[in-house]
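Below are two complexes that have chain A in common, paired first with chain B and then with chain C.
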Partner chain A sequence: MDRRRLLIIPYALWLLGLLAAPFTLILIASFAQKDDLGLLHYGLHFDSYAQLFDPLYFQIFLRTLLMATLHSVLTLLVAYPAAFFLSRLPRKEAAFYLTLLLVPFWTNYLIRLLAFMDVLRLQPFGIEWTFQFHGILAAMLYNYLPFAVLPLYSALEKVPSSVIEAAQDLGASRRKVLTKVLWPMTRRPVTATFLLVFIPALGEFLIPVLVGGGQNFYLGSFLQQQFLTFRNWPLGSAAISLLVLLAILMLLFSGKALAEEEEMAT
Partner chain B sequence: MDTKGALKLERISKTYGNTEDAAGVHGVDLEIPQGEGFSLLGPSGCGKSTTLRVIGGFETPDTGKVHHGGVDITALPPQKRDIRTVFQRYALFPHLDVASNIAFGLRMQKRAAHEITKSVNWGIELLQIAHLRNRPIQQLSGGEQQRVALARALVTEPSVLLLDEPLSALDLKLRERMQLELLALRQKLGSTFIFVTHDQGEAMTVSDRIAVMRGGRIMQLGTPEQIYHRPANRFVAEFIGQANFLPQTQHALLTGDLEKLPKLGKDQHWMVRPEHFTPRALDWKAPSGFVGLKVRVTEMAFLGAERLTKGCDASGFSYLLKTPGFEPWPGKVGEEIQLSWETEDTWTVGAS
Partner chain C sequence: MKALKIYFWALLAFLWAPLFVVLVKGSTLTAFEKLLHNSEVIQAFRSSLVLAAATAVISTVLGLATAFALPAFPPRLRRIFTGSLLLPLVLPEIAFGIAYLVWYQQLGLAPGWFTLLLSHFAFTFCFVVLVLKTSVAKIDHSLSDSARDLGAGSWGVFRHALLPQLMPGIVAGAMMAFSLSLDDFLITFFVKGIDQLTLPVKIYSMMHLRLGPEIYALSVVLFAISLISVIFTQLWYATSHRSRP
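The block that comes next holds the complex of A and B.
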């Protein structure tokens, strides 16, 4: 056997023990039933899944999807130009700015979020931010921006300046350079980055609770409540399973769409 | 607006502060008539690429003006100039196939579909790349990419084409072939071709005139013959081909028609190209208009078309001699021979 394959063992064990195994348990729990004491009775019951489609719960799903979508679009809209700016700088200078971008992330997540909420309480631009939907989006943007800028920077950095100049030389306006050259050349990493900020946003817990004030339920708080308050493990597990299914479908779909596009190009 | 016509650079200066990889230019004046083949030649950092980028519109000069066809285009962006650039690494669009790359400029000009097809076909024919038409860029060799980049620029029928080290990524054989093809293309289209190159052979092949640059300034501007035979200074003489530089101190060792040798000023040298030396027998007497010098052969190399021989005179000063490959060796290593040259092939150059 190729001995290099042994190198994957630590990681495989990690995945198996901390991802595959717990998720299997969740999957099993999602098909279980709970009694009034919260004890699980295993079996193949679809009650919890059916319950999720109750409008009461389903609207949480929809709200979370809406929030995650708006958040991801917004984050890309801010991150893409920033990453482009950085990608045109000399490497050393870009590294300096990227470090600045990451410095706040050496602070604990909760402390950082509480500090950001203090900023929001100052009512920037003269509007109320805390306990508002747009406040959630602002905090999400703040928190996820570096995760979007970094991969976009590394994608855009691979676009030689001469290719952009060639497009301009051939008569492309700034807008055309973006739509006809930059965007098609970076579509794949942009899609990957979208998923990178979209999927975690689906399960985001702290921001909707703290910034949103918990008035509107998002999936994160819903899960927390099902597991810790109502001890309804089957319903919580069903919600998680549906979420994971959604994430997998999106990954597959985006992968397939990109592969097809690639095939058409060749 | 008709911008076809001559290109004129007036006192162009551009400096970059401390940026290490871009060399500035200082007061460059140039006039290039429509249809000329022109080369900016010099070592890296001499400002030749910066000059080209100023003409292309990618850099705005700190001072000075660029005129094209009598119109001041200094402030125009590249899109608004009737000038196209072929970039050093071709800068093709990796997400488009060959035909779409060539059509890009035409699409940006919003030409009609049938016109685009016609022009693309013309470009594909011109560069003989019909077999590559639907290939993705990633599958092209360097030479093929070069042709696509040329076609992409030429289908928009620019009056001036700028070529930044266009052949530097190609191997020698292909490079020599492309040099001749570029020459033919220019003559066929009547466009001005401005090359940036550090390769003197390339510059001499493709250009009517050459500007030799150093340190952001033009050292000499002239035809390849002028620059080769009448270099303005030692730098130009050494950059274009090989040369022997004889100081005044060697005068005592020379025999023959010394009166006709040009007089040397302070810090000046006589310059003799290696092919202007003729090997002679030791008892050969230099007639009127010739000079002779005894040397001992120290090294020899046969290059096919020519032979290189190195010799050393009585004072230890060494000389390079280039003779046609079909002639026998002028002597064996260690033998004494006489070098001669015509006084009118002697040129004087200053120290720098």
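The block that comes next holds the complex of A and C.
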């Protein structure tokens, strides 16, 4: 056996102790039952899963799904033209613009978010933003935009300008170029990018709490409450189990796209 | 193309506006004075730096071992390994914070610096392996072969033939782990004990009392550190690439 294989031990420990075991435990806890004294009884109870469909909780999940979906669509729509712009520039110039895009992220996430709220309080465009749903979307866009631009840029960069020019020479309108040339050539990376901003958004905690003011609950606050306030592990675990299952199904579903994405990144 | 350029600059304005607020509010003498007198913030900052440094060292060393081990496995297995390492990058962070909270409690590990370090290692490790994986793949093996021919032992080969080639990846990976750890709020929030105040947690706890100018001054400091380290690595990359034949 190759002696180098022994070096995999740290990874194996990580996989077992910091990935497999914690999430197996969450899965087990989701089937447990909590009695009136707050004690857990392990077993195969589906009470917590049924409880998730209680309108009281279900509206939280629907709101979270709506927010994550709108945020992802918005972020992709804003990021795509920006990535296209970068992809048509010479490499050096593109690197310069990319740096300009990333510099604002060189300071602490929390401080950045607070500063963003300072800007929102100035009521840009004469609109109230703080404690509003559209304020949450704006903050999400602000926070996730570079994560969308980078993979889209590396995908669009692979579309040769000659292809676009050929289409234009043949009389294709701008819209035709977008729908018949760019979109088919970048559909998969776009799907992967969508998931890259959609899945983390489902568990977003700080933005709804800070920008949304916490009046409307999202999944993140719900989970925080179940685990830190009510200590209702089964209910919280059921929500996490479904969240992780949903995420993994979506990732597998677009697995091919993601594998391609990874190839591009390396 | 011109319209796109204007569009891109508008986006930059959107992204830069908050940073601008920070730099303006934080670059005053009174803000820095207040920062220096706020011992709790300084203490939290110091704790965060120590935690981030320890995380970076552990993640980089163990990440390097993993990156070396990966090519020794058949491609199918390797794909599974890499796939599992991608999970913490794509799954919601909150799921990890809570899974660790529950897991440590089950293990009887009291929340403290150790659980924090373990959790920070858990997510930075993935990034480091993914960065170093590509560095290891790019290794020029003729160098280590000639070192061995010249009588170098396996340590000597690693130290003199492999390590210099891997250095850019190691620095990039360590810096990534450091900044990810320094920036982390959510996982820390769930696994920390009462006494562990990292900078993001401290800021979060202060927010309800409205932030003082010292937080902005601190942000200026953090920004300056990032700026200097980026410039430093860029220069270092440029010179190390030039010196290569």
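One rule holds in what follows: the second predicted complex is superposed on the first by the 235 of 266 C-alpha atoms of A that agree within 3 Å, B and C clash if a C-alpha of one lies under 4 Å from a C-alpha of the other, contacts with A are read in each partner's own complex, and residues count from 1 in each chain.
Here is the rule we go by: a contact is a pair of C-beta atoms (placed from the backbone, for glycine too) under 8 Å apart; a residue touches a chain by one contact, two chains touch by 3 or more.
For clarity, every value in this text was computed on a predicted model and none was experimentally measured.
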Which of chain B and chain C A:F205 touches, first, second, both or neither: second
Partner chain(s) touched by A:R88 [first = chain B, second = chain C, both, neither]: second
Touching partner for A:A172 - first (chain B), second (chain C), both, neither: first
Touched partner set for A:T64, first chain B, second chain C, both or neither: neither
Touched partner set for A:S72, first chain B, second chain C, both or neither: neither
Chain B versus chain C as contact partner of A:L6, first or second or both or neither: second
If touched residues of chain A are counted for chain B and for chain C, the larger one: C
First, second, both or neither for A:V103, with chain B first and chain C second: second
Contacts of A:S30 with chain B and chain C, given as first, second, both or neither: neither
Touching both chain C and chain B, counted on chain A across the two superposed complexes: 266
Touching residues (chain side chain B, partner chain A) in the complex: 19, 56-58, 77-79, 84-85, 87-89, 91-95, 97, 104-105, 108-109, 136, 152-153, 156
Interface residues, chain A side, partner chain B - complex: 90, 160, 162-163, 165-173, 176, 180-181, 184-185, 265-266
Residue ranges of chain A in contact with chain C within the complex: 2, 4-11, 14-15, 18-19, 21-23, 25-26, 29, 78, 81-82, 84-86, 88, 97, 100-101, 103-104, 106-112, 114-116, 118-119, 142, 145-146, 195-196, 199-200, 202-206, 210, 219-220, 223-224, 227-228, 233, 236-237, 240, 243-244, 247-248, 251, 258, 262, 266
Interfacial residue positions of chain C with respect to chain A in the complex: 1, 4-5, 7-8, 11-12, 14-19, 21-22, 25, 62, 65-66, 68-73, 81-82, 84-88, 90-96, 98-103, 106, 118-119, 121-122, 125, 129, 133-134, 182-183, 185-186, 190, 199-200, 203-204, 207, 211, 215-216, 218-219, 222-223, 226-227, 230
